[in-house]
Amino acid sequence: MNLLSLNDVTMQFGGVVAVNNLSLTVKKGEIVSLIGPNGAGKSTVFNVITGVYAPTNGVVSFDGEKMIENYPKGKMKRLYAGENREKYTKIMLKRPDEITKLGIARTFQNIRLFRSMTVFENVLTAMHVRRTSNVFSAVFRINHKEEAGMREKSAALLKSIGLEQLQNMPASSLSYGKQRQLEIVRALATGPKLLLLDEPAAGMNPQESEELAEFILKIRSRYELTILLIEHHMDMVMGISDKIYVVDFGKLLASGTPEEIQQNQAVIDAYLGGAEDG
Amino acid sequence: SAEKTEKTVKIGVFEPASGDNGAGGKQETLGILYANSQTKTVEIDGEPYRVELETVDNESATDKAPTAAQNLLSRGVSVVLGSYGSGVSIAAADIFARGGVPAIGISCTNPQVTAGNETYFRICFLDPFQGTVLANFARDYLKAEKAYCLSKLGDDYSGGLVNYFVDAFQKAGGEVVSEAFQEGNSDFTSYITKAKNEGADIFYAPVSTEAAALLVDQASSQGLTVPILAGDTWDSNVILNASKGKNVQIYVTTFYQEGANPEFDAGVKAWMQSDPRHIKNNGGDVGLAAMTAMGYDAYYVALEAMKKADSVNPGDILIALGTVEYEGVSGSIAFDENGDAIRDRAYVKTADTESGSWKFVAEQTVR
Amino acid sequence: MSKKNNFILSGLLIAALLIGIYVLEQILPPTEMVFVVLQKGAIYALVAVSMNLLNGFTGLFSLGQAGFMLIGAYTYAIFTIPEVLKPSVYLYFGGGAIHFTLPVLAAIVLAGLAAAFFAYLIGLPVLRLKSDYLAIATLGFAEIIRAVFQWDALGPVTNGSNLLRKFQTYDSTLFPFVVSGACIAVIVLFIRSTYGRALCAIRDDETAAEAMGIHLARHKRLAFCISSFFAGISGALLAMFQMTVQASAFKAAMTYEILLIVVIGGIGSVTGSCLSAFLFVAANEWWLRFLDTEQYIGSFQIPLLRPGFRRVVFSVLVMLVVLFFQKGIMGRKEFSISRFAGRLKHISYKNKEVKP
Amino acid sequence: MKGVTQNLPYLFAGISVGGQYALIAIGYTMVYGILRLINFAHGDVFMASGLMMVYAASVLPVWIAMPLVAAATVVLGFLIEKAAYRPLRSAPRMSVMISAIGVSYLLQNVALYATGGLNQTYPAIPWVSDTISVFGVVTKRVTVITPVLTALLTAGLMLLIHRTKNGIAMRAVSKDFETAQLMGIKINSVISAAFVIGSFLAAVGSMLYFSNYNGIVPTSGAMPGLKAFVAAVFGGIGSIPGAVIGGFVIGICENIMKGLGWTVFSDAFTFALLIAVLTIKPTGLFGEKLAEKV
Amino acid sequence: MGDLLTIENLTVSYGGIEAVKNVSLSVPEGEIVTLVGANGAGKSTVLKSAAGLVKPKSGCIFFKGQNIAAKPPHEIVKQGIALVPEGRRVFANLTVKENLKIGAYLRKDDLKESMQHIYSLFPRLKERRWQLSGTLSGGEQQMLALGRALMSRPELIMMDEPSLGLAPLIVKDIFDIIKEIRNEGITVLLIEQNANLALSCADTAYVLETGRLVKKGTGKALLRDESVKEAYLGKARQQKRSNKNGT
């Protein structure tokens, strides 16, 4: 069953068409990778899925429901004059926080931790979205059971990636690689069904990215996650992906299993280059 | 060592030394200081008490006044003098009342200073009186038909004066336009333009001297030809300096007419000359402001009350104060049941812009 | 377990403080400056903490605090002036338009609610703005509110630009202490709750906070309203303290003063704000007053001392504190008894255990 | 015709005071553009410049006093930056702002102490403060000079910033001190330059302003400072043309409000206008867009 | 040729934590020197102290024989050092072109030629030269950061993970560029997580472990070192590499 599907998504910034009529689907439980040259529009796809940008056109559905839907507005609207006009100008957009609540969590390509908080608090804060208590009960500690549960879970999550030693350090004092790991844990803490990872292995050496790959596999099975991954480390992508989409200039260039992609000449020319890394 | 055993009584001086009314507050304080330099002791119950002045700066602000007042109380003053500017007096009135310390207002003319307050007295006339005097003067003497009135927003002094002026002026058959400017405003050209456009015959602006200096300058450069009228605050050398050599006509009401008591005039001038700081506080010269004379009188009224009470206890002084009668340099002083001075006379002066001095115009009472 | 101890310890400390004040009131004459400092300090502590909630914890740079205090102060004053005294207060407005009074506590709560209500209205357009733009917009709103309250047309309610007075006040220093203490306690509980953490997240990174499922607009508005609610209450207390209120006093300068307290105490530190509120008031109103009077040793006049010197010295002190305690007195830390005790223990046992 | 001459003074006053706001606003905008600091002390530098003129002109001829005062104001601005802001380069942004508020207090209080809180009369600058008649409206010559001078100074400044690498350097510094240093930019000099230019314009503004409104008290800088700051925000903080346009718009609007008799709301209207503009354009008229991609 | 940069007994601490402990290394003129180490080993810290961004607790840093340890960054840059900082740090509010211009802030000569050179290295940047660099994609920003450093025509260029976030094809280009730079006579100090590539092009390599220098050797030698392989190269790679080397 498709957990996530993008239909004809276009994202335009002024003259730049970052994503061009892209469609893709992610099945429940899969690890799907999105690869492509720099500036191909991968991160933009994430931003559209998570509601940071409203797409210029297209539909995003999650878990069988339309989550984001947009059709051309303004000048473009005239093209659709006629009986269907109403239909085509309909906008249905969810805010990023609503989308997170629905069960999509992400990491950022440029690390965005809560820098003044400790590692532990970073994770704890991400659990806020699953709270059941209102302000009143939170202020007057009527919800102390829930709070204790949140703390326990956070500690467990940190332990699972091996950050428990650092949990009382300010997040900003971690080295680059550790910060990336923390971002993943924080995303997990929102209790997602779908996890979007934007270059999680950037800044890690091959050994470390292998460990990260194992970690990703581990959390997938433990939390029954579906994962959409952007990554330039081909070892990792080829090693753990069930399916790969390749985009170039915002358009879909190819899709398929790792093996198929590795053999695809167009992909090799545009992205992978000579044999060495493939 | 004889000095050490000497008993003292403290008089609080509650005056602004900064802010909008700093200049006036300083002139009033000068009068008190001069009186203190003349009479340093007071005999109470057969014993001489040295009078100590405790000063505090109320910063011309109604939000700073309560703590300043509280500060005076904490220093154990027996009676308080001040303040220049009605707003701060009103704001501090309840603090003094709660402390049970009597206060003698010197030039705070707004009725609310003493209304409903058992411990506040004052030796000056009130706004209803002053406003009416000016209205009558404008109608009778200047034959004005239409008056433009300007007050400062949130300022009890100018607001009150305009209010009573408007009442009296309208009652006397005149027409009024009134506006208020905001704190911190230095651009009066638009108000002057408005007065001109409305065809007013007089420009009534009983505002603080700070604003007045700007107003006078701009009135002259905008070519405002009608007379400018104001209350007791304008009886100050700030106005004289601002108007000197300018093309403006200024009329003010005042409590004291220089020359009414030549001995006092000469004494205070000599005293000021003895210390450059006094001259600076007086605005750079020895021109005598009514406030100074009033401050002088207030000090003696306080001493009278102490003598009469034969005590330095604030409560006793309070009881005695109501019955004090005193012949001061600014006239005879006695209090009515409200604690207000019984006065029925004001002087109107005009600024001589050539020589930079005041010229007596008329003595005015209420019809 | 240690948390519980901490709780009990704090409780004891507060109780001791209140008893201390009570004893002080019994033995000292009520005109002592120490009471002024305690009262005004408590009131400023509350408004400083409420501002810290916005600026320090939520990262919303708001300069509207004086405006909300004004609303609180006026609301309280208007509804507690005894009926018989209204004619003398509303002298130019025929005794005013409101002809009933509320009990003191109800009026205080109403003061908070009124401020919060205005905050809600203002929040809708303004909270979308970022950093300094938000600051200037909130400052602007405070100025607009001040102008509205001075408007003659509202005179029957607000007494125009004239003073409001004769309303009910308190007579014990304990009153502002207890009220503002209780309010600060609620703010602290709020900050330490999961909502408080969400606000900190917004401060650190809005985009990331939103991606973690935090509804930005709602949380910001929540912080804004709560902060204003308590600013309103502190406004009511300030009115009681001053015994008069006038809109013209609630200027931007007042907001700056509060901001100064917040930053000197440490942005993001509640105890820092409280501490610096008392220090600020004490230095400004009490300790430095002597600098304003010319003083003599024998016949020698101590140089420099004359009116205005206090404020020069005070501003120099402020500058020194800012320059030498760049992160404020407390930084982002809180004073806590357990840590204090822990530090003592640390010295004796040298144990180095880190607890989550 | 009568209606025109009657209402022209409002417009004149607006344009003139608007120009003066503009000159002060540039100082705010330049400092903000680099340090992201609302330099609350700027209005007080403007006031201090006025006071220095009062004292200088009491011993020197005005024509000699003017350049001296301008130089002294520049030095003051430079020293303030060095003493109060430079030590806080790595401190939280809020601390720097408090330092600015502290400097503002200090300047006001020193002025209060020096003058004893008494109103000081600004010296008349010959020719500039003469009364003239334009279109039948009597006013001071400074009213006419201000907009012209403002336009000239702004044009010069724009050339300076856009024709040299310094303009880019300033914007780079504003984004990231560390990386700017890595480019070889001496951030201290760039920042000092902003303060020097800002203070110079404040000095010019103060000469024009106080020629028009010739009384100075310690708080004289507060209101023009706040208005100029609003002007800077209105135009989009960081943008020089924005600050200038903002200055004129606010000067004219407040005088129109006064002309309409809404004096109670003349300041409030300024703020209301500002908020209205900000709700439509959250970074002011010409403010730079936030270029942050996630 | 002599050493262009020499670091002697460098110790750096953040607050109480020592991130770099007593590290000594030298960068000979005209060579590529690389630092390898795990996350948090202190590699970036070494570069930052050489660039003057953090002040060492103790130790000396000599550049062309001068101790630059106490100098502010802008003076160090003037001496001829450029740093490609970790995390790109492009000026988001400047356009691509302005970023490149500001990279050449200290140069007085004509920039056209250098600009063309950068544009030819990264055509993508030319395409986007009017775009605000804050809106570039991660990889595009990385190219810009590299281009910006090259614009200053340094004698020593220090790169902190230049290939971070770049597509495999570009990564190869980057290493070609690095070699090309070296051939132009510019010395390179390189941090790279892609240890295989880094070591294979480096003349000298150092290994850092939790702030300490544990190994030094030629790039080729370390590539064959068992402990290095185990810690940094990853299993899959090792196998592949050994296969390749075998043939």
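Going in written order, the chains are labelled A, B, C, D and E, and every chain counts its residues from 1.
Operating definition for what follows: a contact is a pair of C-beta atoms (placed from the backbone, for glycine too) under 8 Å apart; a residue touches a chain by one contact, two chains touch by 3 or more.
What you see is a predicted model; the values in this text were computed from it and never measured.
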Chains contacting each of subunit D and subunit E, listed by label: A
Centroid comparison with subunit A (C-alpha atoms), farthest chain: B
Centroid comparison with subunit E (C-alpha atoms), farthest chain: B
Pair joined by the larger number of C-beta contacts - A-D, A-C: A-C
Rounded Å distance between subunit A and subunit B, as computed from the means of their C-alpha atoms: 74
Subunit B and subunit E, separation of their C-alpha mean positions in angstrom: 76
Between subunit D and subunit C, distance of the C-alpha-averaged centres to the nearest whole Å: 31
Whole-Å separation of chain centres (CA-atom averages), subunit B against subunit D: 36
Subunit A, residues touching no fewer than two other chains: 43, 52, 108-110, 112
Multi-chain contact residues (two or more partners), subunit C: 147, 150, 207, 306-308, 311
Multi-chain contact residues (two or more partners), subunit E: 135-137
Touch relationships between chains, expressed as pairs: A-C, A-D, A-E, B-C, B-D, C-D, D-E
Subunit D residues within the subunit A interface of the complex: 294
Touching residues on subunit B, where the partner in the complex is subunit C: 17-18, 54-57, 61-63, 66-67, 70-71, 73-74, 76, 87, 90-91, 93-95, 98-99, 111-112, 115-116, 153-156, 159, 163, 180, 182-183, 277
For the subunit D and subunit E complex, residues of the former touching the latter: 165, 168-169, 171-172, 174-176, 178-187, 288-289, 291-293
Subunit B-facing residues of subunit C, complex: 30-33, 36, 40, 85, 88, 91-92, 147, 150, 160-163, 165-166, 241-244, 246-251, 254, 285-286, 289, 292-293, 306-308, 311
In the complex with subunit C, residue positions of subunit A that touch it: 50, 52, 95-98, 100-101, 105-106, 108, 112-117, 120-121, 124-131, 133, 135, 138-141, 143, 147, 150-151, 155, 167-168, 186-187, 190
